[in-house]
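Chain naming follows the written order as A, B, C and D, and within any one chain the residues start at number 1.
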């Protein structure tokens, strides 16, 4: 029998081991088919390794086969929650390359739909975020408002998720007659709900304790890891493409870029909540005076981009989406690369999750707001 | 003599008329056991239905409404489905422990339910250490969860089970101490005495401030004891899949599921008995007429109304709050509830000593 | 007394949350947002632009508007449209002209992108409002859009 | 914020073997020899006039006609705001190998795995160079121009 004194800690004999658990691809918190291999000591996370590719469809390879008109609809299937903005990225790139100037009407309609998309995406994120920390009811409340936006989309372009409403040169059709009315009705309905959300989740003491000071992403590592979007702005770095490189009608509206300084889970949460307010503000400025004009500029039946390289970026609900095209003058791109926001946001996970518990980890991946098809492409 | 007492006495007489005293006693025991088993099943199914329906209303949905009128038979159909299902477990599981675990939970819940008086003289056995017995027996359930987590050879189950171990042991303290606060007022651990003491005023009114604090603490720690949101770390759907019962299916899963709801019922029943007067009707001071009308409502109805109220409160919590983290859970118990509870006992003792209660 | 004010503040925020959900619970009759789907099939309405599946409308004389120009086939990103055509002799003018034999549509490959509808110069194909598109067999997902014996509507080609 | 000419001047002073081009592109393109890739990367990040601390896009390109593979890194400076493209061509198409940039810009950790997966460029010094999307047993690198897959890739 081993004899020990008070100052000879017996812990040395208690051999503990780290073990691995598999979060995903069918885990309720990984929102899709993300697989994370966690190395865990007790409940504390020591290492996270993402395993991707469960929904890799090789969109970039397909783009090398398809013509430019057909590429647009593929982007619906990347970040399916901001499909309208994805479409716009490709259309803007083609329009800039061909030097087509779309009418003001198209620009304004695109901007309104972008912001509706952003609200809808953030609403889904909010519902799911609540669900991840255990408040199951937020999911239904978030979806209730999202449904109204989806109805507007469905009336505008016939689909609720995979819009494909932007085409090179403008819009597939003009907006439907009740668009302005419906959008206003939505805004009127939505504004008081935001306060309700804050009462239900944001101010809740349990939620605060679960998120404040958790998963802190410092300014430096946010930049080094190439993080974008609300995740980056939660750490206090300016990266809003709508402000830095305005496109469509963003140069003529006034809105605030939301920053938080702490970089923790709660700050990332607040950025998105406040972004919804700003989106409302943007839509309100535009909805009453949609200018008249052509909705579709004439383009050739087969679009061929001039030889060269093009880069177009837009701000999706998750951050900067970059479309990089190398064209050799043919009807399909020589190389097409989508720099997706989720990809770089995921790469930071090991940096911010280590040292936290499993419960925190769920909250952290929730505020990174990952959409897996966006990462896998 | 209350209605329920007359009923049990009549049954007793009838059995004595048919058998010898010894045989009648055994027959009574068997009958009681069967009655409780039936009650267990029915109450469990009803609670599952209620939970789903109430959750739906909180979430602006309709909830189950297809099977039977208002979907009342939905849970019965679900239970039948679960019974008919093949139990699928893991290959490497410790099969003995794996199969044993559900019974621990079921038996502990059944035993706990037996001491609660649902009407005058309407409990399976009324022992003089009733409250103590209930606390002791209900903590056997955690053993079932631990065994289930260990036996099913799944890391998620194991984490869930260990969380549950820590949680149950901590919150047991608060449950016990808050009940103890009320026992100071009554002076007896026998449940029938506790109820009898409330014939004039319910204990929560009788002990006013400390009783109310004890009530709040009991509801919080009771919610934790029955593993419900915001303390549902044991299964923590978004973190651990299904926690300790991840690997269970079919009837074994149904056992876990039912016992969870029965535990909620037990906690609510205890809260109703100790704080809200059990089967005693609601009386206001000297308003003879009002009190007389209240007396017409039978005891068991009162009991179920009060229990139902607490159950509804717990469901309301579940569909509103996010979940705590394991260290916060511990912090809440050891840094907030326990010190408050101890202070509260002192306060209550002082009040009792001074006679400052109704 | 930070300790006690923390507790009181905590309770207050919890009660505010319960007020929100409670409001919905007690107004549950009015607030329900879900639909009872298979029951309300008859009353479902669809926006005009709803994208169900591709179809080819025929008039009462079993005539369609498809000239067989194959614009939709070229526009389709996924190869879900196949047109089998032939040159047939027009008895009136005595000239051979392109006409479709079969307009084959593979729903299993379709992504409802609407590009074929936009590409069609004669508005021969439309998106239906059908949405229950599941089938038990993969072969049920292949449609021949032109009805047997149908022919081109007069005056479309001008 | 520097314009393209000033960036060019600074870089040319540092390394006169670099090739520059602004033709047909929105950015200044800088080609660097493979052996100098890592040192130039460090210079770009750390030089107080340049401070390219934000790598927002990294990808590979296959040029079978020139028998080479290329990596393209889009850089931006968060504090200063200017942008450029760093490009590097590998020696051969069959056995491509480059120095890793993941110790300079950690974000390239995942990007390099993706490029390795889809183009087959190996990065020397990368700590965890495995296939990212595809199965470890996958044969070939799909984004190369001569990749054929008759089953999964429908050619129109």
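Here are some notes:
Just so it is clear, contacts are C-beta pairs under 8 Å (C-beta built on N, C-alpha and C of every residue); 3 or more make two chains touch, one makes a residue touch a chain.
Everything numeric here is computed off the predicted structure, so don't read it as measured data.
Counting hops only between chains that touch, subunit B reaches subunit D in a minimum of 2. Touching subunit C and subunit D together: A.
The interface with the greater number of C-beta contacts, when A-D is set against A-C, is A-D. Across the assembly, the mean Cα position most removed from that of subunit A is the one of B.
Remark: subunit A and subunit D have CA centroids separated by 25 Å (rounded to whole angstrom).
Inter-chain centre distance (subunit A to subunit C, centres taken as mean C-alpha positions): 27 Å. A straight line joining the Cα centres of subunit A and subunit B is 44 Å long. If you average the Cα atoms of subunit B and of subunit C, the two centres end up 52 Å apart.
Multi-chain contact residues, meaning those touching two or more other chains, occur in subunit B at positions 58-61, 319-321. For subunit C, residues touching at least two other chains, in rising order: 14, 17, 20-21, 33. Counting partner chains per residue, subunit D shows two or more touched chains at residues 156. Residues 52-53, 56, 58, 60-61, 65, 221, 223-228, 237-239, 306-311, 320, 322, 324, 326, 334-335, 337, 339, 343-344, 346-347, 351, 376 of subunit A touch subunit D in their complex. Against subunit A, the residues of subunit B that register as touching in their complex are 55, 58-61, 155-156, 159, 229-230, 232-233, 236-241, 319-328.
Subunit A meets subunit B in the complex at residues 19, 21, 27-29, 43, 130-137, 139-141, 144, 200-201, 204, 206-207, 209-210, 357-360, 362. Listed in rising order, the residues of subunit B touching subunit C in the complex are 54, 57-62, 65, 316-317, 319-321, 336. Per the touch definition, subunit C reaches subunit B in the complex via residues 7, 14, 17-18, 20-22, 24-25, 28, 31-34, 36.
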